[in-house]
Amino acid sequence: MINEGKKRIWKDYQKEIADDRYFYVRSCIRQNFFPASEKAFLRIMQEELKKDVFENAAHTTCSGIGYHSDVVPFDTTMTVIARQFSLMTESGNENLVTSCITSFGLYNEVLETWKHFPDVLKKVRGYLKTATGREFEIPKNVAHASDVIFRFRKEISAIGVNRLVHHETGRPLKVVEHIGCHYSKMFPSKGVGGAEYPYVLVGMVEEWGGEVIDYPERRHCCGFGFRQYLVRANRGYSLANSKKKFESMKPYKPDFILTNCPGCPMFLDRWQYTLSEMEGVTYGENGRGIPVLTYEELAGLILGYDPWDLGLQVHQVPVEPLLDKMGIQYDTSRKFLGKDGQDLGRPDAPSVLKFF
Amino acid sequence: MAKTVVIVGGGVAGMTAASRLADLGEKVLLLEREEEIGGHLRNWDRLFPNRRPGSEVLHDLKETLGNRVEIRCNESPGEIHSLQSSFIVELESGEKITCDAVLMATGFDLFDARRKEEYGYGIYDNVITSADLERMLRSGSPVTTSAGKAPSRVGFVHCVGSRDEKAGNLYCSKVCCVTGVKQAIEIKEHLPGSEVFGFYMDLRMYDRHFEEMYYEAQQKWEINFLRGRVSECAENEDQSIVLKIEDTLTSRPLKMTVDLLVLLVGFVQKPETVRIAKLLGISIGEDRFLECLDEHTRFNYTGKPGIFVAGTSRGPLTIANTIADAGEAALQIHNYLKTLK
Amino acid sequence: MDRLYDMLSADVRFKEGLKACLHCGTCTAICPAAEFYNYQPRKIVEILQTKNEEEIEALLKGDMIWYCGECMSCVTRCPRGNAPGLLITVLRGLSQDLGYFTESEKGRQQLAIKRTVGEWILEYGYCMFPSEVRPEAHPEQGPVWKWEVEHIEEVMERLGANYAKTGPGILRKVPDEDLQELKKIFDVTGGTRRFEKIEACSRQKAEEMGMELTDSLDSEYVHHIYTTNDPKHTAAE
Amino acid sequence: MINFGYTAHKERLIDYDKNDKRVLEHLKKHEPSVLTCIACGSCTATCSAGQFVDFNIRLVQTLLRRGEIEPLKQEIRKCMLCGKCILVCPRGVNMRNLILAIQTAIDKLK
């Protein structure tokens, strides 16, 4: 592998990412499965980097999962998105940052559609006005939250207390990165580094001391496939795609998987458990899984946040082996406690995947 | 200093046209950017379809040319000014040459394979281009992987940078199909134990002896042709390349590992030619090749009196076609010059 | 009746997604669905390109259009600028608008999606909500998720959410007036009409198939479409 | 073990590296015309059996070359051995003999 070749491509795909004053729209999947990641994003942006990030209680889903499972028509989704723009405009903002990759892809698709078909934009303005009386401006800058963390990766590194290296041997940790399909596969120029060799997560890993592994099935989808997971009869598709990735990455012995999409970390985490129960296979060391992290969780670890504040306890594949390698202290006895230390019991141990 | 004709480009087209014009008694100045004339032919080992050495053809062209025309290497036009019925060619060295006609014989560039990012040229060690392979063959050293081993499986990817809207090139480059078949045979000649595959959409074996060579490749050399455009390459741990295509003849995705992957790069217009064309006010097609007045009958005329075009600056051509094209251009230029007298 | 091809062409996504296919297979080569279903995106484009009404009708009534995962990996690679994944969204839309979706096993699943994700959007303002991802229906979510759901308020509080409460934040209660705006958007833009169409056609189909279909997710028909998977869709074991 | 109600779908792709090319190697010796097919489909167009059953004789060639032995076994059974394909092949492939030789090779290499 010739890294210089990748760097040349990365240079070709530089995108504008706003510097401050972001209007933040949340992700349905992340709020359900990795809520603390969104919390960490705001903490990093507001407390560490002193940036203005606005959130509005009135914003909703972009309806993206409904759109991509085809129960919600395009006109409806475009108008729901127009309403988010209206809330942004109303709050005096023009830089939109999305927590979700499906949303990010859809916002781009909708904006491109409006650019090529001005009549469609006119129609959507009419729909929104009729339905809600609202008007809107098109955002000046649309970024994904991982773009924003990428932009400030050096600042995070500068104030960070942990590095992506083995704390005893100094070996850079081996990272497999997985980019959500809708980040740049439709519009390569909208993603940092393009579609074939996205740089958004690689840049973070390199900056924070780790080493990225490029494995053959790197570009392959995690297998969410919207309706392919949502309906039980189709889940074998979803599972098979993740399995294909695990088998391809396993020989490289990655220390963890880093993701920038809401669905991917959930699937890459849960399907390891499912495959262990279904086929008796595990993909990590000594009967363990390969830990899966969101970029905010990783940034939080670099900044020295408590792993349980980052929500690492709600991963089905335990992340402790990674914390041990990084030399991060954690209190196992507090892993499953409530906010004020209340005893909530603990999850059952899986029968195959090593959990405790 | 006065010259009758300035030929821009000393490749196959330029050399041929210069010879013919000299035959016809015209005074010619041949400009070549590189340190030597010969163009891409200098880099090619053997030629399709008969696999004779390229150096033979180059030698022939040079010999025919003799020292009948003035050749300037390391020289190319900076500015060209149109006067009433003549031109002033201003060289990069600052020298100004007055002439009655200009022949654009500027040739082509090979497609920059790095732009097909999904193939990983310049990233994966064992992805090379047809030009790289030709260089390997010309050097006489054995064909090897980046680790210096003899490859046991070699793949050829057709249409790299051609027939591809994403690369900005909708056209067919014409000569890559047959080059791919030629090189596949050469691999088998060097490494009889290797398996060789060609990944194609159509094999455009349009000229005399081409189809026969394809037949020979299949029958004698047992080269496998799979119909499907390579969609993606990735590198395995051992630096071999895993590629994905649809085997369109079974309608199923297909995955295969090769030790060496050769990208058959097509033709693209030189940016320098586009610059000169703009300077001269001659038209450029959507494919960026130079437009001619009539594709069937007046293909050496640019539409601007005194400015002619020959060879691959007006689109992909084989060497034989280029030679024929340049000969015709010389005759047309000669006829044009007569009208001036 | 309008020609199906014209109805498809009226959609801007169709104009964006269908140029001219040269059957090179770059889409199928890397398509996750082509690998795990008896499916090729190339075939979709091939059929549409024929503009043959019978073939397009068969497409709209068949299983094939429902195999795609809409990952859009095909869009990156096509050398002719086609977007099979985008064409799928248009085909699926029309299949539902014409009521053809109930003719295929995979198409019938739309009712299950409408009754879950579709309705959650309007009820919660989110595509999903923890209380709806029931561990017994989602064993793959594992014991940690089961533990989370059992202690949802405490866990969400620990993780910094504003779970089901007013004001901004994670999993907040989306204000009623905003949910009403969402509903009005669905009414004005055809979202509600699609929901109604999915319900009406599914009820008719359930009757034809002699299955019980009430408003409940536990109805026989919903259970049937949610779990039935004919082996013909995939490679043989 | 938990019953999830589904299993991981099987791959449909042709994994060329893993496939069995021994039958092809055998055929190269015993029916060398196998090498020259250009997948034009003339054989399929004229095929007698193909008029009645779901049989694509051109696919026999392709499956053989890819080393897809299981589907190949299924396909060759459908041939009526009428030999019309030989008449139309522009590359002189003896399809009829090829099919007989495939069966022999499969039996031999079992």
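Letters A, B, C and D mark the chains as written, and numbering starts fresh at 1 in each.
Convention: a residue touches a chain if its C-beta (ideal position, glycine included) is under 8 Å from a C-beta of that chain, and two chains touch if they have at least 3 such contacts.
Please read all numbers here as calculations on a predicted model, not as lab measurements.
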item: Common touching chains of subunit D and subunit A; value: B, C
item: Touching both subunit A and subunit B (chains); value: C, D
item: Mean-CA-position distance for subunit C and subunit B (Å); value: 49
item: Subunit C-subunit D separation of Cα centroids, rounded to whole Å; value: 38
item: Interchain centroid distance [CA atoms averaged], subunit B/subunit D, Å; value: 39
item: Centre-of-Cα separation between subunit C and subunit A, whole angstrom; value: 22
item: Contacts with 2+ other chains: residues of subunit D; value: 2, 4-6, 9-13
item: Set of subunit B residues in contact with two or more other chains; value: 118, 227, 232, 247, 252-254
item: Where subunit C touches two or more other chains at once, by residue number; value: 30, 34-37, 76, 139-140, 227, 229, 234
item: Overall pattern in which the protein chains touch one another (line/ring/star/complete/other); value: complete
item: Subunit B-touching residues of subunit C, taken from the complex the two chains share; value: 19, 22-31, 34-35, 40, 42-43, 76-81
item: Interface residues, subunit C side, partner subunit A - complex; value: 11-13, 16, 30, 32-33, 35-37, 66-73, 75-76, 83, 89, 92-93, 96, 106, 109-110, 112-114, 116-118, 121, 125-130, 133, 137, 139-148, 150-151, 154-161, 166-172, 174-175, 177-179, 181-182, 184-191, 194-195, 198, 225-229, 234
item: Subunit A to subunit C touching residues, read off their complex; value: 26, 28-29, 31-32, 35-36, 38-39, 55-61, 63-76, 78-80, 83, 105, 113, 116-117, 120, 127-128, 130-132, 134, 181-182, 185-186, 188, 195-196, 219-221, 223-228, 230-241, 244, 270-271, 273-274, 308-309, 311, 313-316, 336-339, 342, 344-350
item: Residues on subunit D engaged by subunit C in the complex (per definition of touch); value: 2-6, 9-13
item: Interfacial residue positions of subunit C with respect to subunit D in the complex; value: 34-38, 139-140, 227, 229, 234-237
